[in-house]
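Each structure below is given as structure tokens.
Two complexes come next, and they have one chain in common, chain A, joined by chain B in the first and chain C in the second.
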Partner chain A sequence: MDNFSISVRSANGAGIIMPKGYVNNLGAEGLEHACEKFLDKGVRKIIINFADVQFINSIGASIFTGIVQKAVEYKGLLCFTNMKKVHSDVFEMLGITRHVKVFREEKEALDFLKDKE
Partner chain B sequence: MKKKDDLKRLLFSLSSLVDLGQEVTSSDNFSRRMKTALFVITGMFSVPKAALLAYNQNRYKLELLISKGLKELDGISMQIKTKDIKAFGKNEPCSINISGNKSVFYGQSEDLFKKLHAKTFIPLFAKDEFVGAIILGKRLSKDSYLKSEKDVLKVIANQIAITLHNANLFRSLSNKVNENKRLYQNMRHIYHDTIQAFAAAIDAKDVYTKNHSYRVARYAVAIARESGWKEKEIEAIYVAGLLHDIGKITIDRGVINKGEDLSVSELSEIKRHPQISYDILSKINFPWKDLVHFVRHHHERVDGMGYPDSLNGEELSEGVKILALADAFDAMTTDRPYRKRLSLSEALGEVKKCLGTQFDSKISNIFFRVLQKELKGQSKEAQILPHLTKDFDPTIITTLLEGITAELSA
Partner chain C sequence: MPLRTLPEKDFFGRKEELADLYRRSLEVEKGITQSVFLSGRRGVGKTELLKQLFNNLFWKQDKVAPFYYSINSAILSVSDFSRDYLMRYICQRLAFENKESSLIYLEGLSIDGLTTILEERKAFWALEILDVYIRCHEPIDSLRIALNAPHQSTLATGVSVVVMIDEFQRLNNFHISGNADPVLVALFEMPMSFRKTPHLITGNQAEIQEMPVIGGLTRMDVQPLQLEDAALMFSSLLDGHGIKISLEPHTLLNHLGGNPFYVKCVARAAGLSKKSEEKDCWRTYIKEISDGHICLYWLSVLKSFFPELGKRRRVLEVTNRIYHTGESLTQHRISKAFSLSERDTEIITGALYRAGFVSGEFGVFRAPEDRVLTDFIDCLYMKEVRGKSYRDIEMGLLEKAADTKHKGVSFEMTIPMVREAELVAAQCLEQIGKNLHLDEDVIGQLQMAVIEACINAMEHSKGEDKNIYLSFNFAEELVEISIESSGRDFVSQETGEPFVGGRGLKEDAGRGWGIKLMKNFADSVRFEKTERGTKVVLVKNLLRAARINREGTTSSG
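Up next is the complex of A and B:
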């Protein structure tokens, strides 16, 4: 729990969530809540920037699975950026990346979302 | 390529088992452990919605314990026909069809299955006992479960089943402990009520001493508590206070209620009551070994001039000194056949005058402190003031007590 934190901001109509540290226990549930908060406020474009994520285990994967489900239910557009290969491999294997747009950099995601309603 | 992917999935499943072990052993909170287990499963197989249910054997219902990906599921439960439970393989994941399993599941099961987009049902068995179930929604990957994944799921289900079973055992044991505690408390109440009835019977013999034993018990408790006694010891002095005069039952009512001066033989008769109290109470196996000694010596004095054994201050226990003071103070502040009661200030003056002769200085000082606290409203529950006749000025008594305690500490 101590090895995990989240920072949240908005840019160009998109909600940007930046988890930091280890997404490996229930302490990281705040990530799902942060995403839900954006969706509840009507923000449909969400970027999760993985630049500072060190480690994701099955519990973390469960949290991201929940986020994807929420985004689908709210008809949101979810982008993952700055992912390490090990994380993108796991997400691909779990079928998570089928429901999100993956970008190398946050800026690329912002540019992509600029044209989306 | 497919083999490589399957191997990856198997490796991820195995590493998830390690996650489960680490997380589950790091928490002693049952709900958190169960939630962690459900998150490991849902993460391992990318299932956004899932639920863990515990089987309530008394209601024949599967009741929701933890859910993932859904809100407003509180209180939801489903029923499963007992004979059908056995049809499931123990801890074996099996596919379910929301509308096609109506013959097996009923209650709110259809509603629950729909909300979860349920695809997989895992009945949880610990040994042969059905303890709960896991319901998994559809996978994000839309893949079907590999044989190896089903095996891992079975291993986890087995662990969850054992944890649920242990929690049930613990809950049942806790219920029994609580029930025993309740019975014990009931017995204690009956016990105390009986003792109080005895005390009332003792006091009824003397028209002037109605409720005397009860007041002595309360005063003694107040002093003992202020002295830092433990609750069990306080209970002992409370019961001693209630029963200290039980020996008076055998003494002639005419002697006890005599208004004029007592003859030598009558006085001697009266003075026998602590010994008789002791003789009566010694036959009872009280849980407090000191109680009978408190009772026997409640008319002893620190100068050795008391009765029945003429013990001096060093030979008297703290409990005896407390009971002696509580008894004498109540005698001073209530009407007796041979005199009117003393006012509170007169009684306090009398206690002060008899320090070191009749009463122990340390115990008396504590008694003064209790009274001061009660007068200032600093006591949680006043034990002395409520029983005194309200014809004193609290300010005057407070000043008087401050003077006495200052003098004693000088």
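Up next is the complex of A and C:
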């Protein structure tokens, strides 16, 4: 997966995932795995920062429905930040944005999550 | 059909608007529907939309009665209008009640004749209204009775009414004793405010939006057809003449700007001349704007707003200047440029604006977004002011058309069907877009569509040729990208749509979405069988896309 990489970190009790490059099926599965790891560890607040995402294809986007379902199962709170317009259009079209909180900046998501249990 | 309309198969690209108006009409019962001003450029299809709505309301339900009235220039004295309006209302309302469409077409009916019909059908509510009208001798009071008839019938029968009035701007010439008195239109304000009798008015946008009565209405814009719908309409009309046509890359249709009136005129003329090549269609178009139906239409508009022969040459010069200066012109600049008095300039520009030849609601004038109208004016200017022959004009316009078609750049590339090769195409597209200064969001949308098309090509290619052939054509306002591969079993013969699925995995859902994404991010997506295999053609109107993205940004920010 030369065109895709992931970095993860934690801040203020939230798990932050930063995908980079091309989110296709493999990339999205990597993301799904990273989310699961946070949820398994009991981290319920997760931010996916899309700042370095270059492209998302439809298969990659469809795997996000699985990520959203998993977050719901674990009663987690999923936030998307720093999305390009075209990417938010894709998620909007697939009905994914209805189930996640979307913020312009990662900091706004962290502020929002600060008060959440 | 009660009102003569296009058959459903030829009513393209308006299903959503029609469904929305129909839904709003039925909400009348809840008392929440407001009167609406249906706005849009000339020829965009407002009248057809109203007539389709009338027919749907007439046949598909029995709770809300439709009333359609087109203002006739010959019936503008208050007395004549009141009588005609009232009698047509009663006839249409009765027709709706009994689903008896022949009543709508009763012409030359006398009041006695109508009374007899009403007595036979025991329509006492209508007899009462007619009786009050007959006993009234004051023109203004008669008009009030006529305009309030829908409301009175609702009170008496409980059936709400949607009143549709076409060519509403003609009421600016309403008169009692021969002199136009536009103030009389204010008598519509009360009937328009009743919750159970909302009015839907349309006509010439520029004139209607200057009428004070418009202040209380909700505005609803009828947009031009999308390129894909315009193409469907064009081929369907030509089909009627037994002509099959392939318009690539839709330059002529794009030029027509999604205006159904223009599409119909060119298709009809092309059909009659039995010409099917795109170059022939351009010639047909030039004939249309120089002495065909489009020319006659705009000429009649011009003449009705400028009846004095002596003024028309100057009007053409002013319009031509506004169209080709490249910036908006104030009245003062026009006065100076043509040595006209401020008063004369105001008369000319005001009439040009009301006629729809120029935009400029606030006195700064510019060309409207209508290339056909610009061509018509150019053509007329060349003929009448510059004295050019038809042949010269035709040559000039054909050169312009060729320029439109070939202006811009083309790129071709071949990528192998290897993992993530689609990114190479997407990255190239990004660089091309940057070089051509395209809107960033538009580039992003095209990249998404190209990525999906390439993935499709890889998934469906069964041939030995393991390459994908891409071509990017950027015309003036249009980009056409074709993605061709050796995929054989890609397109369904029945539907013309690609096959989706087969493996039953969640990835298959993604592929279905891939087609949706392509269709969402391009204005038109075609799937064609070619000698090599299958070609997906994505077409996007760059101006339209940039405008939508701008509006999206403005409204969200």
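By our rule, the second predicted complex is superposed on the first by the 114 of 117 C-alpha atoms of A that agree within 3 Å, B and C clash if a C-alpha of one lies under 4 Å from a C-alpha of the other, contacts with A are read in each partner's own complex, and residues count from 1 in each chain.
The rule we apply is simple: a residue touches a chain if its C-beta (ideal position, glycine included) is under 8 Å from a C-beta of that chain, and two chains touch if they have at least 3 such contacts.
This is a predicted model, so every value here is computed, not measured.
Quick one: chain B and chain C on chain A, clash or fit?
The answer is clash.
Look at A:Asn25 in the shared chain and tell me whether it touches chain B only, chain C only, both, or neither; answer first, second, both or neither.
both
A:Leu94 in the overlay: touching chain B, chain C, both, or neither? Say first, second, both or neither.
Touch partners of A:Leu94: chain B and chain C.
Have a look at where A:Ser5 lands relative to chain B and chain C in the superposition and call it first, second, both or neither.
Touch status of A:Ser5: no partner.
After lining up the shared chain so the two structures overlap, which partner does A:Gln69 touch, if you call chain B first and chain C second: first, second, both or neither?
A:Gln69: touches chain B, not chain C.
Determine, under the contact definition given at the top, whether A:Ile59 touches first (chain B), second (chain C), both, or neither.
The answer is both, since A:Ile59 touches chain B and chain C.
Intersection of chain A residues contacting chain B with those contacting chain C?
24-25, 57-63, 65-66, 89-90, 93-94
Under the stated contact criterion, what part of chain B meets chain A in this complex?
Those in contact with chain A are residues 5, 8-9, 12, 15-16, 19-20, 23, 32, 35-36, 39-49, 68-69, 139-143.
Show me the residue ranges of chain A that touch chain C in the complex, using the header's touch definition.
3, 22, 24-25, 55-63, 65-66, 84-86, 89-90, 93-94
Quick one: in the complex, what on chain C touches chain A?
Chain C reaches chain A through residues 420, 422-423, 426, 441, 444-445, 447-448, 451-452, 455, 506-507, 509-511, 513-514, 516-517, 520-521, 549, 552-553.
Would you tell me which residues of chain A are touching chain B in their complex?
On the chain A side, the touching residues are 24-26, 57-63, 65-66, 68-69, 89-90, 93-96, 98-99.
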